[in-house]
Amino acid sequence: MKSPQKFPVRARVLTVAAAAVIGAGTFGAVSATASTAPKTFTETTHLTAGSAVKAAQAALAAAGKDGQKVSVAVVDRNGNTVVTLRGDGAGPQSYESAQRKAFTAVSWNAPTSELVKRLQQAPNLKDIPGTLFLPGGAPVRTEGAPVAGIGVAGAPSGDLDEKYARAGVVALG
Amino acid sequence: MKSPQKFPVRARVLTVAAAAVIGAGTFGAVSATASTAPKTFTETTHLTAGSAVKAAQAALAAAGKDGQKVSVAVVDRNGNTVVTLRGDGAGPQSYESAQRKAFTAVSWNAPTSELVKRLQQAPNLKDIPGTLFLPGGAPVRTEGAPVAGIGVAGAPSGDLDEKYARAGVVALG
Amino acid sequence: MKSPQKFPVRARVLTVAAAAVIGAGTFGAVSATASTAPKTFTETTHLTAGSAVKAAQAALAAAGKDGQKVSVAVVDRNGNTVVTLRGDGAGPQSYESAQRKAFTAVSWNAPTSELVKRLQQAPNLKDIPGTLFLPGGAPVRTEGAPVAGIGVAGAPSGDLDEKYARAGVVALG
Amino acid sequence: MKSPQKFPVRARVLTVAAAAVIGAGTFGAVSATASTAPKTFTETTHLTAGSAVKAAQAALAAAGKDGQKVSVAVVDRNGNTVVTLRGDGAGPQSYESAQRKAFTAVSWNAPTSELVKRLQQAPNLKDIPGTLFLPGGAPVRTEGAPVAGIGVAGAPSGDLDEKYARAGVVALG
Amino acid sequence: MKSPQKFPVRARVLTVAAAAVIGAGTFGAVSATASTAPKTFTETTHLTAGSAVKAAQAALAAAGKDGQKVSVAVVDRNGNTVVTLRGDGAGPQSYESAQRKAFTAVSWNAPTSELVKRLQQAPNLKDIPGTLFLPGGAPVRTEGAPVAGIGVAGAPSGDLDEKYARAGVVALG
Amino acid sequence: MKSPQKFPVRARVLTVAAAAVIGAGTFGAVSATASTAPKTFTETTHLTAGSAVKAAQAALAAAGKDGQKVSVAVVDRNGNTVVTLRGDGAGPQSYESAQRKAFTAVSWNAPTSELVKRLQQAPNLKDIPGTLFLPGGAPVRTEGAPVAGIGVAGAPSGDLDEKYARAGVVALG
Amino acid sequence: MKSPQKFPVRARVLTVAAAAVIGAGTFGAVSATASTAPKTFTETTHLTAGSAVKAAQAALAAAGKDGQKVSVAVVDRNGNTVVTLRGDGAGPQSYESAQRKAFTAVSWNAPTSELVKRLQQAPNLKDIPGTLFLPGGAPVRTEGAPVAGIGVAGAPSGDLDEKYARAGVVALG
Amino acid sequence: MKSPQKFPVRARVLTVAAAAVIGAGTFGAVSATASTAPKTFTETTHLTAGSAVKAAQAALAAAGKDGQKVSVAVVDRNGNTVVTLRGDGAGPQSYESAQRKAFTAVSWNAPTSELVKRLQQAPNLKDIPGTLFLPGGAPVRTEGAPVAGIGVAGAPSGDLDEKYARAGVVALG
């Protein structure tokens, strides 16, 4: 079973993972999880619920400052929704859109505005269940690897949605 | 319609929202709901069930006058279906199509015939769950903000469908 | 085809419906159902279960003669599946494909090979739930109006699928 | 193919079916459809959309007279929803409940208040998809056979719900 | 809470509704919405998103004080989820349970611990889609009528869950 | 039934499986598949589509002889639907019921009328997705092991449904 | 069990959680995750994919030794399926049953054979989506807290299923 | 691959099927199943569960060697999932993607990288439920006919995914 010394090892691996992300701008998925085969257990990093709420509220507040009505979602690295927030007056389509944008951002560790561009090479990526290729999703990273996604929907443009999603990320410090 | 004097504070806010809509032709969602953060409760405006039925019947009658067989749906601002009406002889695809057109129209406060054009800039909007980007959906507005959507499907063209949806809106006075 | 004398009142109305179909090559849905507002009840025409099985078997046999492995479905005018038949060795995708092709053909009263062409004008038709715009679906008509759809899937080309679907229609006499 | 003389035959069969219903309080399903094997087509009887709306409105009005807030649904003999009507202020659970009660009533040609009793002998009937064994559903019959179901939900008791559903049936004359 | 003077007409009707609730301990649904037939529009009352978050956080904090790991949901009167919050370490079953408890509480305007008792008379109530008859859901009322439900799940007992849900209600002032 | 000489190696193994079934009256699942670990491939036995149709038609005919209106389904050992057949005038609940009864019968290699009794010991068996514990399902066996299930629904009693399902099995010779 | 010294801060909290489990036989959910509010991130423990496969294979092998045909699933603490394994000849109902048993075991950190007993006090627990209250699920714990669930289905009794699930747990060492 | 001597009668028929595949490079589905109408039963070939796990592990290991984090699925010829394996750190979108790629590959007996090209002629193939037209799926064949599909998802490119899927096929020997 894991000795405490192993924890530093894990951090090292994460650093490598982060380097891969930074260096490669890779298309695929990267992860904060580092596992080697013979281990029984592995650790994954998540936003706390408290932080996730804080990020969602920051995104909503940023939209409110612009007079925009949006919904917000925070999804963890395994695709589980942690927080959803249906803003006052946000269109009914925004609630599930926000979740899907968050899911998409954390899946590929990139803002959805960038992921939209990838459809030029691989247009059928957008057929993957749970995804939505519209601007408004932003990944939350720790040591370069994605641990959560924040999605915003309902503003007049996807760029605005993504501005608010980024405000959510920034609020995490 | 309610006189503005009855709900003085709220009406003012709604007027502002309406102005934003009229002035901007915005792409995103607008709303009849006005909320400021410290309030505990907010009010939203809905078609009464009686009015929704009247609108649906008017849409069906307009189609019948043209000898067209359609289904009709009325959806409120939160995406909840208020009325559905499967017309005699309407194709089986029309029932859910009508609901989705209504949902789409109320989500973006525009007729779906206009929303179809927006796909040129943002083609993946049509991947948002619950939407359908085909003519035949019309928003119901009060003070410029969307409170409901009426969707019609089953006629030989989407333009006809939308003509009947508009007849439903007109019936609301 | 039934002569109009047989059901004097009803048949007259149906004749009109049929005429509309024949004269217009319309895009939308037409129907064997004729209703006038003040009536409480209306009649709709359906394939008997026995006929639906016969048609499905004929389609399967036609495919078998060509050495093709397919699935077959018969759907009524209201979109309800009447018969499904998973052919020996047919691919797993064929079963639901057949149902959707049948649904699509009966919805618009046209072979799906023709309906595919309509996507050029209205590409989002294919987003309507339950539809599939691939050749292989054929409508069953009585007096020109659609009462059922037969769908076939699994052959190496949609044209072959549709050949077998037509064989199913022909078997109904 | 059917000769006009056959139509009297059909009525006779329906009479028999009705007799079976009345005399037996049978547990299973009966039907307004009468088919003999060699026929290609059969006719089924449906409420017109106009009648279905009238019935739904009558049910809603009956509830309103009692100050109750309900949703109403009308489902045809094949289980297809013809009309739904979400009443003002009705609880969110009422909308789908009304549809399921209507579906249940038309499936077994009996008010759901009676069908609830049948669970004593066959408790797992309530596991059949689409059903709901709560009072509030009433069948619409023609010549004793079920052609539609009306479901009401949202009143403080199922008995009240069913009173309004029956008011819907009565409105059909 | 809003004083009745602010919305003189509407408040009167609401008072009646509230009276019905208080006097009767009624089984069915009541509502903050008051509509009379000839009106085109009606208003419904909702928690603001900000208040809903505050309530959810209060519920989560109350659980945290007891060392319990739970998920929380706030659902509006139309059944739309406004806020979800998956607490750190809460069991995976808690997330959807919380939503269903909130939905159930707002549907019948009662804590789910009371609604569980109603199953003795009407055991099939629990088959209504979207509901869950376990303690842990509490209604949010304004003037006696339900406008939202708060659901909590994941604690070792439903009574604890409901204690936290009530803490959420209390936080609304 | 196939003679053992035809597939000498495989049949031996199957005989063992059959023996286990006969000897034990076991509660769990048995199978016509015999695999030993190091093999890459294994064979499973299925009804041909032609036989499945024949069985379904026989079940429908048996119901028709009694004047009963039913739906029929044949499901293979892996739970895949092979044939469905919605009988003329069968209630709308019968179509999916038939599939679930067939699924249940093949899952536990017993008529569903017997499986209902097992709920006394293990009442939650009926919560397994896809199952329905009502009489009307019958397994199709080869060498004692289940290869398919036939389900019938819509008759006034489950016993009648099962009589027709058995007629389907008998038709396979 | 890991000694608390190994993960000084985190382990202490976990020890408390474990103690609660051991001392109370609590009804609710416990967790390997320990978070304090001001932290942005938290760590959760998971089985590695390699270990999950090993456990699933061990469960399958244990069943094979008894001549039983089963399916196996491993689900992590967040309810995400990590491994599924459809055994040769296992009944079609076993695949999803195994997942639900695993989900149920990890949700309440107890074998499902024990959880079944809890239904006596709270029978509606079994209505929580994703759960199945049948023996055959076993939790995987680290420091007393649940990190995964192993579910087995398809044997003639739930007790056998659970025996194999436990064999899967044992294989993790 | 199995030598024909092992299953003399059956293999002959399979050889014919295989020949059809090799000779035609057909677009549609081919199958390891050979049935002639009068037979009651037919045999289909499947990977054993043990082999399926082995293939999935080989695919995962190949990805691991490249430092890629993926999920893997093995689906049989009838579309039933046999094995799923969520790799450590694989993106949440990878789990269902892998299943769909496997399903797509076995449906048309070709690697999904080739099937993507077929969309040029028949773009709506990708609307068939359960499919995903992205590289990463590979068929498993016996005697030329498809018996299973292996799908991999989560690597930075579909080509990498497919490389690992092929490694899974190779591991079957």
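To keep things simple, chains are lettered A, B, C, D, E, F, G and H as they appear, and every chain counts its residues starting from 1.
Here is the rule we go by: a residue touches a chain if its C-beta (ideal position, glycine included) is under 8 Å from a C-beta of that chain, and two chains touch if they have at least 3 such contacts.
Model, not experiment: these values are computed from the prediction.
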Item checked: Smallest number of contact steps required from chain E to reach chain H -> 2
Next item on the list: Over half of the contact pairs shared by residue number: find the pair among A-E, A-B or A-H that meets that against G-H.
Entry: A-E
Item checked: Centroid distance [mean C-alpha coordinates] between chain F and chain D, Å -> 32
Notebook entry, point to check: With chain centres defined as C-alpha means, what is the inter-centre distance between chain F and chain H in Å?
Noted result: 28
Margin query: Two or more other chains touching the same residue: where does that happen in chain E?
Written below: 33, 35, 37, 42, 44, 46, 48-50, 78-80, 88, 92
Note to self: According to the definition already given, which pairs of chains are in contact?
What the structure shows: A-B, A-E, A-G, A-H, B-C, B-D, B-E, C-D, C-F, C-H, D-E, D-F, E-G, F-G, F-H, G-H
Check: What does chain A use to touch chain G in their complex?
Finding: 1-4, 7, 33, 35, 37-51, 76, 78-80, 142, 147, 172-173
Next item on the list: Flag every residue of chain C that touches chain B in the complex, lowest number first.
Entry: 17, 20, 24, 26-35, 37, 42, 44, 75, 77-79, 103-104, 106-108, 122, 124-125, 127-131
Note to self: Show me the residue ranges of chain B that touch chain D in the complex, using the header's touch definition.
What the structure shows: 46, 48-50, 52-53, 56-57, 60, 80-88, 92, 95
Checklist line | Contact set on chain D toward chain E in their complex | finding: 64, 67-69, 88-94, 96-97, 100, 116, 119, 126, 132-134, 154-158, 160
